[in-house]
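Just dropping this structure here.
Per-chain numbering from 1; labels A, B, C and D assigned in written order.
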Amino acid sequence: MSETVAVPASIDTSVPKNYLNHDKSIKSWLLTLDHKRIALLYLVTISIVFLVAGVLALLVRAELFTAGETLMKPDTYNQFFSLHGILMVFLFIVPSVPAIMGNFVMPMQLGAIDVAFPRLNLASYYIYLIGGVLVVTAILAGNIDTGWTFYTPYSARLGSSVIFMTLAVFIAGFSSILTGLNFIVTIHKMRAPGLTWNRLPLFVWSIYATSIVQVLATPVIGITMLLLLLEKTLQIGIFDPALGGDPILFQHFFWFYSHPAVYIMILPAFGIISDLMGVFSRHEVQGYKFVALSSVAIAFLGFLVWGHHMFVSGQSAISSIVFSLITYLIGIPTGVKVLNWVGTMYRGSVSFKTPMLYALSFLFLFTIGGLTGVALGVLGLDIHLHDTYFVVAHFHYVMMGGTVIAAIGGLHYWWPKITGKMYNETMGSIAAVLIFIGFNVTFFTQFVLGTKGMPRRYYDYQIQYEALHQISTVGSWILASGLFLVLFTFIHSLMKGKKAGSNPWGAATLEWTHTASPPSPHNFDEQPIVTHGPYDYHALARVSGDGAAQTSEPELSESRH
Amino acid sequence: MDHASHGHHITPKSLLIKVFGSLILLTILTVAVSRVHLGALNVPVAIAIAVVKMMLVVTVFMAVKWDNKVNALVIGLSALFVSIFLIFTLFDTAYRGDLSNVDRVPISDQQRQQSAEMAPADAGAAASEMPASGH
Amino acid sequence: MDQQFDASKMGMWIFLVTEVLLFSGMFVAYTVYRVWHPETFDLLSGALDWRLGGFNTLVLLGSSFTVAMSIHSIQKSDKKATVMYLVITLICAAAFMVVKYIEYTTKFEHGVFPGAHFAPHGEHYAPFDVPYAPQFFSIYFVMTGIHGVHVLVGMGVIAWIAIRTAKGHFDSQYYTPIELTGLYWHLVDIIWIFLFPLLYLI
Amino acid sequence: MGTFWMPEGASTMSGEVDSLFYLVYWISVVIFIGVVAAMAYFAIKYRRTRESYVPPIVHENRFLEAAMIFIPLILTMVVFTFGFKTYLKMNIAPPTAYTIEAVASQWKWDFTYPNGKQVTGELHVPEGKPVKVHSTSMDVLHSFFIPQFRVKQDVVPNRYSSVWFQATKVDSFDVFCTEYCGTSHSGMLAKVIVHKPEDFEAWLNAGDDRPLDVQGESLFKANSCNTCHSIDGSRIVGPTFKGLFGSSRTFADGTTRTADEDYLRQSIMQPGSEIVESYPNVMPASYGTTLRPDDVTKIIEYIKTLK
């Protein structure tokens, strides 16, 4: 990579300084209070985590290529899948979309110059880093093989590395809480004049719902990890059955956070998809209010269903029944979203740019993931499917097929804004197709494995499962090649990408209509005043080209370039 | 923006003193009540008094009464979610073992119960044998 | 400025929500074990000295009152009174911690430790060696321990705020930090309002 | 032989669970195809042909939005009702069920029959009779799962839990542990062997008259020793048993000792007492309580044969 990455030689000196090049010292990056730069710090760190956790997944799949020992010993395998889960959940997917795209885009969509508490924002990043350092310490201390769920009493009997790992989760949780707190206040207090709740882009709505869940649920994982830590160090006997404690109580504590957490993971993705469907259908998102409020409904209902992870744990039947019943209800607001997204294309003008390809594969994959989630919520059925590969397939369909696919789509969508460069459409679309195919080959087979009874977290398995496991492993290679192509596309764009206009997609939200690509350090030269909805492409057309749809002042956009 | 009104509300000293006085009285009351045996009522009464005390602190000391209503909503939400956590967990723990597939009490308790029953039961068996042998 | 003030206050309230949910885990653990073993918990509240707990309640309520008074004073730009009230608050908090220290050490001396290390001896504590007493004391130590940490943090912040007030950083126009600290301190008080009856009385 | 999805069913519950599965499955397939077909149709029909074209606004249809809420609501409630009924059946054992005690420990299953007979790693049951497996765990969480019977239940230390089933086929099936329990979680297997009722009686009352070392070999597998100890000289988690008997052992603290019968017994009953050099101290201590003394003798006899 040449050093011209950030500042291409072709830079036009008449263009005002942007947030990337106005100050280039390392210090100005590491101590920046600019939400856009903090977003980039997150982007780099979180991508590294994703890469590491993804490579671990590839190793897990490689080991499962044949029954018996393929590459590694059971202890190594157990550590690999645990680390894969822990990294993916706590350090990758929970912070991913809010910390990267929420940070970068949300304040601009609000017409604000920054988040409400910029210092806190930077602090969140460093707290996240400390969490990451602790994870590395735990890995070096060895023997983290609890799975990402840390179930007692097993976890409380392991070596000291569990102490570091629980601390890491505890601290990463704080980062997440502070980000959520910051965003809630920002959305309440920093909206541009005229930007009513009914005119908020749906991405903002979903970040708002996510933040509420983060603030309400994350403290509970904090206290859970603290209690686990004390269980391990002082044997306090709250969860350890040998001391009269109740291991099932631990599961309640864990899932009280971790089920809502799956909505921390998926809601921001919903937001991205809403925006993408609107922009690339050039059409008002159908049922705007329903889509906006269903996020809040999902966030709320998400707190009432955690026990569906415990149907065979030995919890009371009453609670299983209540939890199962409410679990189904979540399908309804989610269905409202899915159907409205599909409806958005109706009589629209659908473009098949790379972000839209991701949005369409999201719809396909997430629907499968969601419907199998509902199947798992069926009491009599979950008894058979619990802790089999059916569950593994379900959650990869929603987390990888849902959140990660949406996040990659969103990254392509906002890439021109973030870097000022276009990426190569052909490479982008090939990668999207590869990922779609690879993903299905990898994980659809796992549904079949699951119904046939293949338990999860198994190093070794019966010979009758081998063929399906091999297909799945081959799929993971296709999937990985697609993801590496994405990485390559982005690096290629940084080095050779064409310069992007301020609004290459013809979007109507403020970050496209009122800022340059890349934006100036303070986002806006003048405070925008909003008069239209976020998907009002007629208003956009009235002010010609990359005009200002969400405001009435066309001269603002003309003063650019 | 016209938030000036609630940003600068000054709570009168007399009100603060009154509330402080009531808090002290309620504390004395809660101790006094706990000394009397109300049976099943002891716990609800103690919690009710604590809730009243909390409301006093929140509304007056924390000035929620004069504050932006969003903040009141925020407090309401936290109370709501704490109750959800509590109630849904109790759905399990209070009814654990309601179907025959799981035992209601842990094994250690079952053993304790057994050994507690064993002792008098043995004595009883011995006693009932006595007249039989006396025949 | 006003918007800034409003924003920080809202941020503080949301932070308090996270604190409440952090403690909620302990309250849930308490309730679950209490529902399972009501007699044990009933008996064990007798192991704690309600006089010490009651004293601490009064001290903490007093400190809450003085914090409220300090805000009242700064709103009238009476900096002297503000500093005085903050200092009284600190003294109350210190008294609270001293009593806690006495309570903890007497328990440790009599082998009353959380969980597995629970081995009570001595006239007062020996009768409490019943099944599930270790759980009660685990919950007691964890709850009061975390609460104590909050008191210590609060003391630090109040001391800092008092110094800044003395230096003249605040007046009736700008006193956000005092107000936010006050909110935090009241929450610490509220938690204790619940801990006291739950642990010492019933 | 089972279907594309479900493995063959072999209990009275399996048919019911399968119909539940297929009910959910077909509803899901229909919804999924509906969503994807509409998506593909709209995407192609309304694809962008003119760059500057701004399509007309489509007003939201309240009727459609309401339908989106109510149709799924009805469907899910139907499914819930079925799932709930099946769940109750699966969890309430008939009072006449034949009860077998099970103890799970890292990483094996011990079963005890009403007449005191004990077996490890093999669950023998009569065909056509309800059987209840009443279980607890010695150490961490485990879970008892028989795919062909569609039953699963976590096994929790310090608490009894149970599953019941009524087998309908004379055959043998896998029992899996489905709650992660450490290194050999995937090796914590057992077989459920369904007999004709009269064969079952015969089995129940028969003693084991095989030679000690042959019985030892079965115990070696049933107790999952084989997940950590090889018999061919290769190193897995623990030392191999090949040529172990009579060899000289060196321990972590530098001391040495000859592997005689006493040493083997001690290594099995108190694994932590002497740690073989360069190996981790991970062998479960629970063997000390779950293995019976004569079982240990049999295993030692077996180890002696591995030259």
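By definition in this document, a contact is a pair of C-beta atoms (placed from the backbone, for glycine too) under 8 Å apart; a residue touches a chain by one contact, two chains touch by 3 or more.
A quick note: this is a predicted structure, and the numbers were derived from the prediction, not measured.
Two chain pairs, B-C and A-C, are weighed by contacting C-beta pairs, with B-C ahead. Distance between subunit B and subunit C, defined via averaged C-alpha coordinates, is recorded as 18 Å. Centroid to centroid, with C-alpha atoms defining each point, subunit A and subunit C lie 37 Å apart.
For the pair subunit A and subunit B, the distance between mean C-alpha positions equals 38 Å.
Subunit A and subunit D have CA centres that are 33 Å apart. Among the residues of subunit D, those touching two or more other chains are numbered 88, 91, 153, 158-159, 161. Across the assembly, subunit A contributes residues 188, 216, 220, 241, 244, 246, 248-249, 252, 314, 317 that each touch 2 or more other chains. Residue positions of subunit B touching 2 or more other chains: 70, 77-78, 81, 85, 89, 93-94, 99, 101-102, 106, 108. Applying the touch definition to every pair of chains gives A-B, A-C, A-D, B-C, B-D. On subunit A, the positions that touch subunit B within their shared complex are 188, 216, 220, 241, 244, 246, 248-249, 252, 256, 303-304, 306-307, 310, 314-319, 322-323. Those residues of subunit B whose C-beta lies close enough to touch subunit C in the complex are 1, 3-4, 7-8, 10-11, 13, 16-17, 19-20, 23-24, 27, 30-31, 34, 42-43, 46-47, 49-50, 53-54, 57-58, 60-62, 67-68, 70-71, 74-75, 77-79, 81-82, 85-86, 89-90, 93-94, 108-109, 112. If you check the complex, the residues on subunit B that touch subunit A are 70, 77-78, 81, 84-85, 88-89, 91-99, 101-102, 106, 108.
Interface of subunit A with subunit C (complex): residues 116-117, 120, 177, 181-182, 184-185, 188-190, 215-220, 222-224, 226-227, 230-231, 234-238, 243-246, 249, 252-253. Taken together, the subunit D residues at the contact with subunit A in this complex read 2, 4-7, 16-17, 20-21, 24-25, 28, 31-32, 35-36, 38-39, 42-43, 46-50, 52-58, 60, 64-65, 68-69, 72-73, 76-77, 79-80, 82-91, 139-141, 143, 145, 147-148, 150-154, 156-159, 161, 174, 176-187, 227, 236-237.
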